[in-house]
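Next up: the structures, one after another.
One chain, chain A, links the two complexes that follow: it is found with chain B in the first and with chain C in the second.
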Partner chain A sequence: MADLPDFASTSLISTLPEPVPARRAAGVWRSAWRRFRRDGVGMVSLAVVVAYALLIACTGSGLVARGWQDEVGQPDAPPSFAGGAARAATVAASAAAAASARAEVDISDVDPLAPRYQEWDARAAQYQAQARPVAATLPFGADRLGRDVLSKALKGTQISVSVGVLAAIVATLIGASLGAVAGFFGGHVGDLVEWVYNVLTAVPEILLFFAFAAVFGRGISTLVLILGLTGWTGQYRQVRAEFIKHSRREYVRAAEAIGASAGARMFRHILPNVSHVILVRMSLMVVGFIKAEVILSYLGLGVATDQVSWGTMLAESQSELILGHWWQLAAATIAMAVFVTAFSLMADAWRDALDPRLQK
Partner chain B sequence: MLAYLLRRLWQMIPTLLGVVLLVFFLFRKFGVDPAQTLASLNASPREIAQIRQQLGLSEPWWVQLGLFLKGIVTFDWGRSWATHETIAHLMATRLPATLTVAVPILVLDTLIAIPIALGVAYVRGSLTDRAIMVGTTLALSVSFLVYVIVGQYVFGFQLGWFPVQGWSDSTWTNLLVYAPLPVLLAVLVGLSPQTRLYRSFFLDELGQDYVRTARAKGLTEPAVLVRHVLRNALIPILTNVGLALPGILIGSFLIEVYFSIPGIGREVLLAVNRSDYPVIQAVTIYMALLTMLANLVVDLSYRAVDPRVVLR
Partner chain C sequence: MTPLLKVQDLHVAFRLHDERGRSRHVEAVGRGTQGISFEVPANTTVALVGESGSGKSVSAMALVQLLPRNAECAGRVLWNGEDLLQASRARMQRLRGHEIACVFQDPMSSLNPVLSVGEQIAEPLRKHLGLSRAAARSRAEELLAEVGIPEPRRRLDAWPHQLSGGQQQRVMIAMALACEPRLLIADEPTTALDVTIQRQILELLARVQAQRGLAMLFISHDLAVVGEVAQQIVVMRQGTVRERGSVAELFDAPKDAYTKALLACRPRLDDKPRRLTVIDDVLVVEAPGDVAPEAGAAGAATVRNVDVDLNPRRADDDDPVVLQVDGLSKSFWLRRGLFARSEFKAVQDVRFTLRRGHTLGVVGESGSGKTTMGLTLLRLHDAASGPLSGRVLFHGHDLLALAPADRLAMRRRIQIVFQNPYEALNPRFTIGQALVEPMTIHGIGVDAPARERKARDWLVRVGLDAEAMHKYPHEFSGGQRQRIAIARSLTLSPDVLVLDEAVATLDVSVQAQVLNLLKDLQDELGLAYIFISHDLAVVRFMADDVMVMKDGRVVEHRRTDALLAHPQDDYTRRLISAVTRGPANAPLRAAAPA
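Entry: the complex of A and B
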């Protein structure tokens, strides 16, 4: 044995190339982003969603639409681009005509209150009254109270989108942790969670919203809680399936063999591998929750009455439309349709980019 | 078959029990005190105590739960707190209106969406297909409410084709005069998601080998589509329709609220606004039961559609 050349120590080593610094393989997220960038529709929708996010940051910090409750225009003032200027002129003309008509007719000899007008005028003069100028026309019109519809739409976007996103986060936290526990442990724990799931899915979602709204009341935080508590089932189902699949994979077995605890295996090993599934499902939930918020707010079970959201705007616009005042309806509908379309298309693009089966 | 049926019914019990527990504790724990709601505003503490006694609220919770369960099993839901109507009577009188709206919605939605989806799936990738897919994406992004608000304004108010809202005692008048507008709008809303879904079902089937075989043996395209593709796609479609059944009832809830149709949906919303718990509890439990039964019927109908399915 001793006369055999020592391959291991000499020849083999010398033929190995110089060790180069290992180039890390592109991670899931990086390669997904590369695929996503090639998707034109996805990029455009991402840009729209980012624009909305900036807008929400501006309204949230009070830079924009802080005074959405101020009555800055005449009630139901039309938008300037749709005959607003013409209406402003007629309003001014009719006001002037009314003023001159009032001046011409003198009824002081038959008016029983005539002797006291001077006294009242004198008393009224003691108070400072400031006539606030109200605009006859606004960029996107005014609502029944003369509030700027554009400001309302901006503020409403902030509320509606925040409710959708926060509720999706709450639902994801509940659904993903329950799904992880049920999928990873199975057995009696899994059965128990599965039972809770069956119970919640047995009741139609909107009825659950109604029941929760009946006992918890209204307001933004309540709404987020209600949507989150009732809407986690889809996320749970998916995460549970993924955890069942992954907990039997070899890398998890290997982690167990080197002594990783159950918690470490669930959250350090499996969770990163299923996080893209969770994220895609979460973005789909956002759209659903936004639509639910609109309907609940319309029914008076959503945001409180001193707040504005797309749902409350639509609720107000119902009676306005009969009078031909379409601008508030249009503003809320456009703001919502653009966001929902962009967000759904973006979620679809992310799903395609993250789906390993589509990798080339 | 009978064993399967019995086992499925047996499996419903824990779920139904869970719904009962959820409803019971949700309202007992977080709801307002029913005695306060029932008593008039200036009721004395003694009167409130009396009402509590009457409702059994001073009993420990397990006794209350027992009473609640007994009421459910004997279908004795008590009376509405707001109108003092028995729940059974309330359900029986409100259900016809709900069905008058909900059944046409379900039937029309399915019957219209299937041919569109089949046609679109057949010309997959063409301009028509892409136009319809873009159209449905846009249609889905607009809230249900906007359809209803604009639809009522345009068809009811501007064009005057339908009465804006209303309801009568005659089923035929309701069906022919008052239901068409709400049904039309609900069908419009439901068409986009259903077309997209059914299109994906048909696409799955169109790629199968049996389609190529059917074409190879010289069947005409309509025969391939109707006799082979449609029949095979019926299983997922049937599932979807079955699962949508309770949802259709709920979907018509909003329609009822909007058009002031005296159905169950409007009653539930009124109950929520009046904290009328017995009504909400009863409707929730009935809907849960209905959902589970609908699932069972769907599973059973698989067998009728596809003899290969074995019920286990």
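Entry: the complex of A and C
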């Protein structure tokens, strides 16, 4: 290796240009992104999730579905693609028929008020003209109160997804930090955290939901707290296991040998190596929490009555279904199924892309 | 006589996808049009020798078609005239285990942990030979007795974790022999074992081969091991065969330069050169190839011969003492039941003095407490793990009595390099980050750019390119990673470096380069080494004094030359005799076939 500089010429090296900092940091994440891009299913699901995110941004800022509470259609108006137009036509025809029938028959002999009907009709028409005209059919139908199901589904998406994501963040913060502490230190600290975990998991989850809901009252922030405070256990176990495994590995020992403090070893050394586990677990939790929100809202413990989520839509659709009004159920189900499926697939793809074992 | 197995012009390539999704072929065996060819005659041991990446294991696995799906084989593998590369899946399944059996490197991961030893040996007997459960069991017992496991009847019901590493490897051999195969493929069967156990397993393989008239294909990176068991040797490098011949020819009159280099680069018990020859000294850069060659130690290219001594190191007794250890003991608490605990004495009453620029070799088998001793010096054990006693005087300060706050300063002065270069670097840190971190912790260098400059200097000093700063550990070979680990320790300018089996997992040729580097650094910086190893030949090359440890105690501690020339203790003698030395004294080798 004659081209290598020898010991004496180290001063030559110090004249090399300073490194570009960006070149250093990108490595792991950029190569993960490269691997992710090769995954067709992952990319499609990512596109779907991004579309949902844009939609949520729109509903959140009020661009879309601002008037989800307005009565824009007839009660239980059917969706236009499923016979709604036909129904609207028959309704109009029968009304016209009734009006013309009334005009043709003279019943003033038997009804002393008959001569005034016309006058009243005219005044009634005047009065009705001030009311908003309601559509007989809507793109995805209307609910019992004549609200647009499509707008409700869009607004519900915003509430449900943000509950799921925020709760997953809360649960990840709790679970990952407890797991890191328990796994890294072990001993009495680990025993204590493990004891908390055992007690919490020994109580049926639904009881915990009820207990927290009774204390905090209804609302989005309550839901986030409930789900976050009860749902961290899975994340905790996994992070703890990873920290136990990693804290015995030689690179962590080597860091201790150079004098790295416990905090540095936990967060600078081990955390980046287990971040893929945490991320993937978190995205799975998002899916789980969305489903949990649906169940809680269905049970009446979820979002407040003046809000809408996929769960409240499902709860309403229970009584509608008996009358054959399926569209609200369908709208909530489709919105949820597409998002949950896309999010799960995306999480899988991220796990594959981020796993350092696949980097070679 | 037609050979049992004849490999003709074998090529193996792996289909790989790079990050952008393009597929490409990487040649593992064979280069261009040149494939590999060799023969294994009946009743003969043929060895495939080469460094990692030479394609020796891939070739062997191609014979039995145990390669991953993305491998593509070409050429011919004739087994009694039948081409195995064309054979059907069912035919191969019958052949594997029945006619061709394999023994792998790591017995612990090759045995199924949830099946008892007896069940695992009985499985091929029942499957291939159709024996009844009882017959298979009694046959398994005979096999265990044959491979030298004491109390075979009782061991049938043992679980793999209840056996030692050597016993596990014996069980693997018993499994391989179960169906009376005609060819045994042994892939680095002793690499994961202690020297004394290695010796026993080699003896066992040689005995079984001779008694049963087996053909054996023995794969190893170590010519000295191969020289003791094989009759014929095939030397491979970078996917091609460099030389073929009988052991005598190869060792006495190697024709190929690479073979010569491999023979020369291993430290020997009977000779202590100034520097070890490295491959690059002998092979004047042939073809850069696609396998990145290990960067040679800086300046090594000019030092052709072993005894050219540019600046002789004086290891005299007047050098200042840096470390004085007195009565060092370390125990671990073992849990017994719910509340009780017992004390396991891992290190007992170790005493030594280490002077500046000197090397203390610590030798022993696994479990002898040598690694624990090294870690104890650095206080790398949890305080709650067990009691610690004795005195470690470092420049007059007792390290064991230091308050936790003062330990940081001490950490800087004593550093450690671990055994496994694949584990000791954080996979998510670039080399630059890994090198700068210790300096940041200890406040060495004024600012970040100054530290980065220093880090780059160190990289160059250990023989790497300064460009390596921005790469991640997985982009380097084992030898390069070990250089990085050494550079990382040295950024703190320590006085004492604990080398815990630092070269044990490296190929012989790479090992020579790292050992040379360590010697150069010691000469230049006056480092004191504590060199922990199981390999006496390596210790002889490195150490001034040797301490032999067994069961946590020091059984012998003297000057290296004196200890090797006149070992006082039985255990030391056993260790010395277990060192493999090639065919010069090959009691193992069966007589060559007629």
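Remarks
Here is the rule we go by: the second predicted complex is superposed on the first by the 295 of 360 C-alpha atoms of A that agree within 3 Å, B and C clash if a C-alpha of one lies under 4 Å from a C-alpha of the other, contacts with A are read in each partner's own complex, and residues count from 1 in each chain.
Here is the rule we use: contacts are C-beta pairs under 8 Å (C-beta built on N, C-alpha and C of every residue); 3 or more make two chains touch, one makes a residue touch a chain.
Keep in mind that this is a model prediction, so the values were computed, not measured.
Of the two partner chains, chain B is the only one that A:212 touches; chain C does not reach it. By the touch criterion stated above, A:204 is placed in contact with chain B alone, chain C being left untouched. Contacts of A:40 after superposition: neither chain B nor chain C is touched. Within the superposed three-chain model, A:295 lies in touch with chain B and out of touch with chain C [touch as defined at top].
In the superposed pair of complexes, A:340 makes contact with chain B only, with no contact to chain C. Within the superposed three-chain model, A:251 lies in touch with chain C and out of touch with chain B [touch as defined at top]. Interface of chain A with chain C (complex): residues 1-2, 4-7, 10, 13-14, 16, 18-19, 23-24, 27-28, 31, 34-35, 38, 187, 249-251, 253-261, 264, 268-269, 272-273, 356, 359-360. Across the complex, chain C meets chain A through its residues 17, 19-21, 280, 295-296, 298-301, 378, 380, 384, 408, 411-412, 415-416, 418-420, 423-430, 432-433, 437-438, 441-442, 449, 452-453, 456-457, 460-461, 463, 465-466, 469-470, 472, 474, 485, 488-489, 492, 524. If you check the complex, the residues on chain A that touch chain B are 195-196, 198-208, 210-216, 291, 294-295, 298-301, 310-311, 314-315, 317-318, 321-322, 329, 333, 336-338, 340-341, 344-345.
Interface residues of chain B facing chain A in the complex, by the touch rule stated above, are 14-16, 18-19, 21-23, 26-27, 30-32, 137-138, 140-146, 149-150, 153, 157, 246-247, 249-250, 253-254, 257, 268-269, 271-273, 275, 277, 280, 283-284, 287-288, 291-292.
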